[in-house]
């Protein structure tokens, strides 16, 4: 049974992505007692699934390594994975939070030696790679996963494979009888850093994501580029493994659209600008990118990056919301149909691969979350005094890029500290 | 299952001796088998389709459909209005929605209706027959009635525009609605998989005024059906049926194609599958004969 | 140019957008367009016209009154509703196209010899005569709409189709003698006149 | 070495180590070569039992320094978490058996690898001490905020709410900054439909009523010295009287200056009916909800054009290349001013890309359209004073035509320039060069490296790091708001709160002698042997964080509170007098020497890899997890930063017979990845000089390679290592093996 000591001077952070890690660390490095909850088996969140960041084109795992080292060094910051909040009651300075902990079937003995994984044969969709490939039924979510501890897929329980895994473990780390736990935490303040999820591209029917192999999403492209990703870092198209040298990017795929997400997701323009550099990275002058857009939203110094990309002769910009995508049955090429609205030019352009710059929606819609908190029509948490000791951080509060999300998370850490400090003051 | 009653709006093209009388005949047979009673709206008028706009302004056009709704409310107060013609359905349903949205329009419309001694409450649904089949019966129930499965026939489900957009049937997607394919399967036939022209416009009203433009589109619709190995095309819309069926000779002449593919209504298929004879299924209404259906019907 | 047109011009001077918002069916949506162009790319007859919906909307904002109302673009609409369902800003584009076409026709600004306008007018006249469409008369009128000789040629072209329809019992020559119609002719026409009257009143209110 | 050092070496035989390695042999090595006082083996060292075994020895006082021969220092950190003992972890799992084939041929070389790592571990701890805080400073819970605009006010209020005292310095006679000049502001909460109150008054009242906040109006900072926890700041009024206050940390919210529109001559800026956005705010304030009058003749404005990106997003001489981010929403808001007063006003916003990102932005845009604001995608080429009002020439990009149109009023959406003081990186003016205007310093830092915060780009003082927006280059000083990056009020207020958070953290940590990010929590700090120092100033020059001052005699003063513990100073020191308690020239140098060097004829080369502990070393671990193999001849040592690599290590390595040496660091240059800013770059420069040493020793250049790698290079780093092994094969063994 997990027993976690928490008091009304404890800060609870929900969500172990970069925003949650940041909020938790900033508070913990201020000496506060912090609990960080993550519903997945590992910390990391969406950024752990990105290949590069815009506009620097640096690697998200670099920052993650630093944050993990910071977490490892902190005894006053406790991490709980596979944990979800089911209920929140109480008030500012004194909340009681119900937490459901799903079984990992692997205990802290695990040394991540990998013996269990070698022993099992069953495979499952690899959620870390957006199901573009398979992973074993006993697995480490990814090489930087923290805690660095294997997981047994719940679907394995009761199978021979599960038994094989158990037998293979040299340190008795596998406990197939582990059961779901429900615990209650008493905390002073809660930071919600539940992050975002990509909009379901299949819903954007005219683009045929559900019908054409060579129509993929921007988040899937990030995984493909990762040397440890499903294609080992090769930029190839799903239908035939052919190198995708001519890539089209469709902006506002699900954003700024009453049929989908009414809001602008902010990041998609920059993401596509960044990804247009991938074709150059892989194919040099032979690579070709075409960005179909309504407005390029590269604010502040992101504009410099936009200008840099614009000056690349291999990148084209077409001001147009693509009307539809059809498939050339012979070549498997997606053909984009629409009108370039700058002076009315019709096009029907074939490409090797189409990348939908999918929008960002809150992964928890706070209009129907297990907590009473003020949120806007899009499901993002509003900064509202009525929220008492509950605060939104990062993409739970708005569609934000990483830098702004971390900024927001840092701010939320202070707001949480204010609450517990006031509690402390009142108590002495 | 108890008898189901609906207030029926047949529309001009389903009148005796009109272009889609065969739609009405097969629909009647189909309904008999499903124990559906269609109560015709007394003295209904034309909906002006979506081409009346040159002469008719917004209000006159709304008034036309409003009159039908009002008459239906009078004669069959507790029955939903059901239409078989896509244009009739669309025009009437649109009118219902517009009047619901705007109190002003509602008032003005009633003002006009009062000149005919009518008033509209606008409190009943306006539905397409295909909706009724899928929502009130469901594929399983529809399949249960099949006596002569349409085995071995490959059919392209051509949905077209107006039963699909802007309202659509059964909440299906605008780009790839599946209800005709599911229906074809239900009847024991074989739907053409990913028929990529299934929602392509046939040129609708332009068939008369801009034949070359519409025939160019029709060519693609038929071509894609052949590519999919179709023996025939099924549609829920009289305009689609007419346009796709009757111009095949002219298209062949113009484009050197060899089109000769029957275009039938879902009601035709169902009537045959439900064991009705060729006459009840109005197979004689086919300009391009649906021989495979005739064979089954005459078995 | 009609006298009505002059009055409208007088009333709105340089603000065509306001004119459209006031007088065109669903016209107050025009300002909501964000120029993404999805309507333009979605139209099955796109290649056939010189102004796309989104461009027309921009022209309206830019006050290009004559160009817009004399454009044949909106007459190309086949009411397939592709644009409506794809528009990210919820504009009822099909209806705006119909509204613009009707408004242009009302003001006598629509392009001369626009075939669809002619057909649409024929259709309207045909259906309002009796309350129901008489397909045979509609067809014949149509063939002859560009004069007698044209008409004979056209009917010959269409003969095979006519015969096909006839043998399929889907065309009845007797229709020529009258055919279907609503019983309550008086009420029907009174209603239409009233509707027209109300609409005219709206247009006529200014200038006078 | 004053204190007695008792080394305990603990060898784990779990995770296959026992099968792949001769663990008894490892123990022997630890005893004989490592001089370990005691050695133990355990088949599951990270287990409760294993950990208790070690803890027992510590508690019994048998060991003061421990070497764990097990998995990587990045694994099982929760288990191996001992206090009051110096610990090093030699990487036998990820560093040895996982990167080597399990074959009989490989067995010997794999064992040699492990033996050496044990020797190196023992050598390292021998030269390590437990770091302790210097007690240089105590707890000072006062925070200084420079700049009393909406950002500074927010920082002050938020810090006070957390229980800290704030001194708020504002150069003007009132608080509020630019925001006070706004009629209304863009809403930051739903409904995103109309402009809302600018919010300045409510903040000002909160501040006045707050006993924790002291406001200094008409004041500037004339001197800042000290370090986090002990900043001493002179605050002077215009009249010249100065008070000196002590603060624990600083937030700089000095805001921005509007772009000077008079530079935009093509838009007739001199014309009274052409204004910038602040000009329009003034007109709106004057109208106060009534009809906005145009300046020239006080006629109520009936038509207004907003020119977006005026002098922005442009490479033209004197224009700003960047986007100021807020201007689209601001013009939308201002267009609403007109629509609210009179819906019939023609309001046109002319843009090339309309930028209203985020959840609320699109609603605000839609709301303006609903109110009848017209948006035209176009480019304005010229504005001339027409007779009825400004005549605007523009190209309508949608209708693809050039248009001329009169408006009553034209509003130029010009950009923001950061008010960031002196650019300390600007090259000094050449001899006789005319210095037009010297910018006024904001902080007047008494730092050797200059008066103000280093600027990143376009004069903004933003962090260079995406994951770490507050990774400042002046510890304990955080900038917030438009001085950091162009931003709107909503973001500025969030930013202000974030910066306050970091400032508070700096106060708390500096009081305990703990390092700030990225080595947050580190207690070690640089100290130097004064007698050895030659006052060469290299350490003070190369310190990326401006931590080191010089005393009057030119000796370095470390200001540990400002120090980020990267060791760049240690790497720079030619006489090697700088060291940290647990990281020194010896703690690494002795590892290099500890490696058992086979003689030339054994044909067993030895390669040294000095790997950045943040990127290169983790990448090697992950290569191992993916079972990517590399040469058994390499010996890898993690370093805090390549900047801490002292060339003596290279020279020593060459002299002691290493055949090849690799420095694995982060990307340098414009988009540098080094979290210590210049570490990787400096290392490259230093290594470029190593060639002389090589030629003196008559060794081939190829024997030393400096590489830019990333944490994702799980395939490439093994390649680099193997290529070095091949190179050595080609050019032959080093002759310096004795």
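Chains here go by letter, A, B, C and D, matching the order in which they are written, and residues are numbered from 1 within each.
The rule is short, and it goes like this: contacts are C-beta pairs under 8 Å (C-beta built on N, C-alpha and C of every residue); 3 or more make two chains touch, one makes a residue touch a chain.
Keep in mind the model is a prediction, meaning the values are calculated, not measured.
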### Task
If you tally contacting C-beta pairs, which comes out ahead, A-D or A-C? Let me know.
A-D
### Summary
Per-chain C-alpha mean nearest global C-alpha mean belongs to chain A
### Summary
Chain centres from averaged Cα atoms put subunit A and subunit C apart, in whole Å, by 51
### Task
Starting from the mean Cα coordinates of subunit B and subunit D, work out the distance between those two points in Å.
66
#### Entry: Interchain centroid distance [CA atoms averaged], subunit A/subunit D, Å
23
### Length of the line joining the C-alpha centres of subunit A and subunit B, rounded to whole Å
46
### Query
Which positions in subunit D touch two or more other chains at once?
354, 377, 398
### Message
Give the residues of subunit B touching no fewer than two other chains, as numbers and ranges.
### Response
174
### Summary
Expected list for subunit A, residues touching two or more other chains, is 206, 256, 319, 324, 341, 344
### Message
Applying that definition of touch, give me each pair of chains that meets it.
### Response
A-B, A-C, A-D, B-C, C-D
### Query
Can you list the subunit B residues touching subunit C in their complex?
12-13, 15-22, 43-46, 48-60, 62-64, 67, 108-109, 111-118, 161-162, 165-166, 174, 200-201, 203-206, 208-210, 213-214, 217, 246-247, 249-250, 284-287
### Summary
subunit C residues touching subunit D in their complex are 15, 17, 31-32, 34-35, 54-55, 58-59, 61-62, 64, 89
#### Entry: Interfacial residue positions of subunit C with respect to subunit A in the complex
34-38, 40-42, 46-47, 51-52, 54-55, 85-90
### Partner subunit A, residues of subunit B touching it in the complex
173-176, 194, 196
#### Entry: Residue ranges of subunit D in contact with subunit C within the complex
346, 354, 365-366, 369-370, 372, 374-377, 396, 398-399, 403
